[in-house]
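Here the structure comes first, spelled out in structure tokens, and everything after it is commentary.
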Amino acid sequence: MAAITERQKLAYANAQAADGRVNLEFETDEGMTLNMGPQHPATHGTLRIVLKLDGEQVISCEPVMGYMHRGYEKLTEVRTYPQVTTLVNRIDWLGSFANEVPFILAAEKLMDIEAPPRAQWIRTLLFEMSRIANISLFVGDMALHIGAMTAAFYAFRDREYVLNQIESATGGRFHPNFDRIGGLKDDLPKGWIVDTKASMERIRDFCDEMETLVEGNEIFQARTRGVGVIPADVAMAYGLSGANLRASGVDWDLRRDQPVGLAWNEVDWHVWTHPDGDSFSRFWVRLQEIRESTKIIDQLLDGLPSGAIMAKVPRIIKVPEGEAWVATENPLGEMGYYVVSKGDLGPFRVKIRTASFNNVAVVPWVTRGVYVPDVVTILASLYFILGDIDR
Amino acid sequence: MIPLSSPETTEAPEAEAPATDEAREELVAALTTELGDAVVGSHIRTGDDVWVRVTRDAWREAGLVARDHLGFRYFEFLSALDWLPSPFGKNEDSPTDPPPTPSTDIVTGYAGGDTRFQVFARLHSFSQKLGLTLKVDIPDDDLRIDTWLPVFAGVNWHEREVLEMFGITFTGHPHLVKLYLPGEFEGYPLRKDFPLLARHVKPWPGIVDVEPMPAGDEPAEPDATDASDAAEGGDA
Amino acid sequence: MGLVESGKLPKPLTSLLNTSRKYSIWIFQWGLACCAIEMGAALGSPRYDVMRLGVIPLPASPRQADLVCISGTVTDKMVPAIRRLYDQMPDPKYVISMGSCANCGGPYWDSYSVTKGVDQIIPVDVYVPGCPPRPEALLEGIVLLQERIGKEDMAARWKGDPIVVS
Amino acid sequence: MGVLLAAAQNADAPVLVAENLAFGMIAAMMIFAAIRVVSAANIVHAAVYLVLVLAGVAAQFILLGAEFVAITQVLVYIGAIVVLFLFGIMLTKAPMEGEERAGRDNWALGAFTSLLLFGLLGYVLLDGFGRDKLPEALAPTSTGAVSDAIFGGYLIPFEVVSLLLLAALIGAIVIARRD
Amino acid sequence: MLLNEFLLLAAALFCIGVYGVIARKNGVLVLMSIEIILNSVNINLVAFSAMTGAISGQVFALFIIAVAAAEVGVGLAIVLAIFRNYKTVDLDEVDLMKG
Amino acid sequence: MSELLREPLAGGVLAVTPAMSAFLRDYLTVAIFGGVAIGLLVGVMSLGKLVRPVRPQQDKYLTYESGVDPVGDGWAQSPIRYYVFALLFVLFDVEAVFIFPWATRLEAYGWFGAVEMIVFIVLLTLGLLYAWRKKVLKWI
Amino acid sequence: MVLALHLSYWQVSALRSVGILAAVLLPAGTFVYLFLFKMVSFMQSRLGPMEAGPFGSMQLLAEVGKFLQKEDIVPERADRKLFKFAPYLVVGTVLLVYLAVPFGPDMWFANLNGGVFYLLAVSSISALGVLIAGWSSANKYALIGGLRAAGQLIAYELPMVLAVIGVVIQAGTMNLAGIVAAQAGGSIFGFDGIGNPYAITQIVGLCIFLVAVQAELGQTPFDMPIAESELVTGYITDYSGLRFMMFFIVEFASAGAFAAVAATLFLGGWTVPAAWADLNSNWFNVIGPIIMLTKMLLIGGLIFFVRFTFPRFREDQLQRLAWTVLIPISLLNILATTVLKVAF
């Protein structure tokens, strides 16, 4: 066992002092302070939520982050472009492939190249598959947090079918790192299309199952309807995105409204919104999104163009000087990269705009006055991933 | 639109794009009329994006104008830029080579700039389907700027993040404390002159057959090497 | 003072005790990052189903856990919490470090906020490499741990002060 | 248990040795617990000791053959009233470290009064009842008999009880809810 | 079994309860002491019921239990109301005349 | 076998009348069993004490609070509604106590007993209705 | 079948104590293995424990052996005495519940006249144990969990008590053996071919009873007190080692106890619903317990099926369900039973 070094000791002491300070800050005479996290089943691992309670009613709620802060924005400055792709895979670890795409697109925009159509279609395919892998887990996770245990197992079970397809196409079950500037690493393997269609059938069955098992359950509805209502203007002001925004009734989907170099406009699908803005509508919208994704994937598979999968790019990638912003509609919401290049091998500065960071910012607002069980519902329905918040 | 062009013709869309971008030029014009002299620079990439740089005093004003008069109701993010070239390079050079001599010239990006630090924020308009990047210079000797909290409630954590990463203070922010890092973490990590210690003390793993590190400026940190010894797991 | 610590137990009894610990491992899931999902798949997915091995993924509180699986990136801010929760687990306790990040920092080896290896804080029994390791790898790690528990000399393990890395 | 066992197996022992023994043990336990209730520093401990007293009372009822009253004692007192007490305690900030004992000046007065009272009562009881024995033919009271008594002679009090409970319910809600 | 055994036990409990009512200041504890007193009364009633063979003693014990439930309910509610207004359950500190 | 188990206690020491004896013996079984059960638990606990290790460690006895140092004193003023629910419960429990003996004898009482009990229940239901109307059955 | 043994009361009592412990631990163990390990695994398309013993049948023994070796931690801020005492109280209550349940014509442990009343009274004590456990841990999750648990236990105690009253009215006795006999020998509006299992005539009572049992056990959808996603594990958060195992076993032992009570009150207990069966034969002392266990497993299966399927209620919804739905319905049930009983 290695001895702890000075630096480590210092960090340890610092972190402890910080904890203590937060504790002091929240200690009150009235009511009670309840810590949820950093290790708590409701906080997806490592978010810490400090609730000031009066009985079981929340007076104020303060998310404490940074337990998963890995310094992405600094690390991107010392990596080359292909290396950054590896790194950003791990921001939203459930929809890994979707993390790569906007960064690659931003780099391509700066370099003024465009991937060939087949690459674009395959990117869209994998993008949507990672969306399914992400959101199907959300469905199980939310059910689990509301107490329905079995749904989570079904989610894990059926998610595997999608992961299998991603793995057989990219070689990576979790972090594909399949995108390259100018195209893709490889073409699809033989027989993949048939298998994927079969797995999409499974996913549709899964959606039906969840609709009866979870969404249609009276208790689930009683727990989620009218809980954690976020009106549209609040959602806009906080910069909520993705299904959270659409569940508040804002009809906005970057896939449809601002397509950047991917093939969504080539197929027929629908953007679902829900007027209520409560936890149930967030669940409902996401469940519909899985359905739409399977539809998109089926159509993309049918119309997959042939041709090259890689544009002509130099062997050593140097990105010309400039600034570019590309955002895509990721599973968790809008994810964007603001890439500043100085013409080096690596980016000069990358600002990563992640969905969860903004989505969770609304938590103090929306949990004020609710009860402890509802906090869990709201957190689960907002659906954040810690890597996506802290980066 | 997705131009389904073959890779050979990737240059084509650029040529076909209209030479002017009326919507974005109108936008800049509108901002200029609303804010007057406060708009000190702008840049339009045709068909793609627009950058506008305002003075520090007009920062909040610019946000309000964009939100209320120009329809930019959706807040994407707020962050900062440090235009100082990194004095350390990437530490990926062979340790035997002489260290690179970095330039200290500050070259700012689109819409210009006069200072090392810039705060920038991005807004979006759903109705016009336009994005807008607002930039503002922050002088080195006075790293302060008005908070945008009255403009967009969601800016709260972004400003805290900028404080932590760059050390820029937002006046008027009610709860401006660190967001991520524990306790008394020293330094502002996203400033270019913040060193990544591990890169300094450890040879860049991308270079194989590297010579042992010269007993140089500072001793190798034992924990880093120990950790790599103890771990059986491979890197990604 | 327990009999086990004094090492006075007859061998059959020891092996009985070892066997019961081997097949009843309540795993405390400390999911930190990407690996958490793969750990979740190993524990929760019917395809992997760690319960087959007698590993029960029930406890949400460290007080009832035998094994803590640190899966994911350990940040400096998280270190005290990990240490505290490890301390709060009752003996006998085991640790699996899952994934490159927990092993040595992984792709964040040069980050300013990431701890380069959880073994700097708590003693680790099994390292599972990978980024992230597949669920099968975690199962393999658990099987290895079970083998180790089955052959363990408890008196030796529990003799002396607790293993504290500091 | 051993004592009871020996007593029960000894056929020549005075009649009712076992019952007397049981009574004595339970009574001692009850008095000890009751003293702890009124002297405990920690109010939650006091509530737990109160449970012991109440359980002892139920056991005494069993010895007297009053099964229904005994079970009612458990159901209402232990299962409900003590829980109500505990809720009340937790609502009125019971500190973990124990109640502050300072300023409990009244103990002398209380002890004096209660000892005096006990002497008086003891004298009166011994004087009045002496060594009166409970009837030899004591039989357990059946629930039906209790019911017959209630619905025979005490019908009006029975209905009044429901009114009382209603009044208590309304009164307590009014008092407790006024914010 | 002697009748007096039960009566003396009841008397002892009664006196302990009286001590609690007089000596303790905590409102909840006073209520508990009152419960002890009521229970001692119940022991008396049931003992006499067994002595005389009349069931009415047990019926009265049941009624007393009902009354005790009502009493605790209202009593604790009052203690809670006092606590809410005075932030204490110490009966001596509460000057009810003022409140 | 059935005779065997029903065989009265030899000597008849325990109680005066056979009825009382049987009655007390049943409850003595309860007491004995309670003793055996507690004995078993204590036995298991002490067996565990023999086997388990004791390794005091810094922070081991700290109250669990999701991995941070506990805030405050672990005490909370529980919301008033718990009290109101407990109160409702106590009063209805008392009601149930009076219903039980009546239920066993209903056959003998006939309509008269039925009407008496209906009045009793209706009176208490008024209390429930009151609580309902006062909205104490909801979150406060 | 007659044993040539003459046993004194004490020996019989000892035998009964052993028997009752078997009667508690056997169903509890069966429930854990069958439902927690295997049925849920089947529902979730998994296998469940497979390694310890054939099909993981020794898993439970491994658990016990493991918990024996676990350290027993009393947090320093906890109230040591009460913290240690609470599990005993909870376990003791559950064990005492079994005492009144008959498993055959002579296979009973204590034939109490007020049997039903007794077991309702005893089971109501567990609220106390839970509250003490929650308070003494000096842990916020535990305290909230304990309060919630106690609030829930008392809220659902009432519908349970009221549901049972219907049975008592029909049987005219509170003795459990009497209730079993009344079901076996009763008739439904004159038809006595299957006796009168109250599951048929008291179907409303049975439903209320089962819902209340689900809540008393703290199983989903009523698992607010130990809601994992909010309160970690509620009032048992700070319990470790054997004391935790006590709570763990209690969860299943009390499931068994309530299943036994429900089987006795509503499904005819150890009898079979057939008029030809000679219920006084000694054979029923042997097959009675088996019949009883079967019925218990049936009810237990239902309990755990619901547990692993449904999401959980929120605290207020749960209380509202008890006070505004179950209690009024059970009061109406009592009135209806009364009227029918008197009219026929």
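General observations
We call the chains A, B, C, D, E, F and G, going by the order they appear; numbering starts again at 1 in every chain.
To be clear about the criterion, a residue touches a chain if its C-beta (ideal position, glycine included) is under 8 Å from a C-beta of that chain, and two chains touch if they have at least 3 such contacts.
For clarity, every value in this text was computed on a predicted model and none was experimentally measured.
Following the contact convention of this document, F, G is the list of chains adjacent to both chain C and chain D. Here the chain-to-chain distance from chain A to chain C, counted in touching steps, is 1. Interface comparison, A-B versus A-G: the pair with the greater number of contacting C-beta pairs is A-B. With centres set at the average Cα position, the gap from chain D to chain G is 28 Å. One finds 21 Å separating the Cα centroids of chain E and chain F. Each chain gets one centre point, the mean of its Cα atoms, and the points for chain B and chain F are 65 Å apart. Inter-chain centre distance (chain A to chain E, centres taken as mean C-alpha positions): 62 Å. The set of chain F residues that touch two or more partner chains comprises 9-10, 14, 23, 27, 32, 49, 51-55, 60, 62, 64-69, 72-78, 80-83, 86-91, 93-94, 97-98, 100, 104-105, 113, 131, 139. Among the residues of chain A, those touching two or more other chains are numbered 1-5, 8, 11, 14-16, 18-19, 32, 35-36, 38-41, 56, 66, 69, 71, 74-75, 78, 86, 153, 157, 175, 371.
The set of chain E residues touching two or more other chains comprises 62, 65-66, 69-70, 72-73, 76-77, 80.
Of all residues in chain G, those touching chain A in their complex are 40, 43-46, 140-141, 144, 220-221, 223-224, 227-232, 308-317. In the complex of the two chains, the chain E residues touching chain F come out as 62, 65-66, 69-70, 72-73, 76-77, 80. The residues of chain F lying in touch with chain E in their complex are 80, 83, 87, 90-91, 93-94, 97-98.
Across the complex, chain A is touched by residues 1-8, 10-11, 13-14, 48-49, 51, 73-77, 79, 81-82, 85-86, 90-92, 107, 109-110, 122, 126, 129, 131, 133, 152-154, 156-158, 165, 178-185, 189-190, 192, 194, 196-197, 199, 221-223, 226-227, 229-230, 236 of chain B. For chain D in complex with chain E, the touching residues are 16, 19-20, 23, 27, 30-31, 34-35, 37-38, 43, 46-47, 50, 53-54, 57, 60-61, 63-66, 68-69, 72-73, 76-77, 80-81, 84-85, 88-89, 91-93, 99, 103-104, 106-107, 109-111, 113-115, 117-118, 121-122, 125-126, 129-135, 138, 141, 145-146, 148-150, 153-154, 157, 161, 164-165, 167-169, 171-173, 175-176, 178-179.
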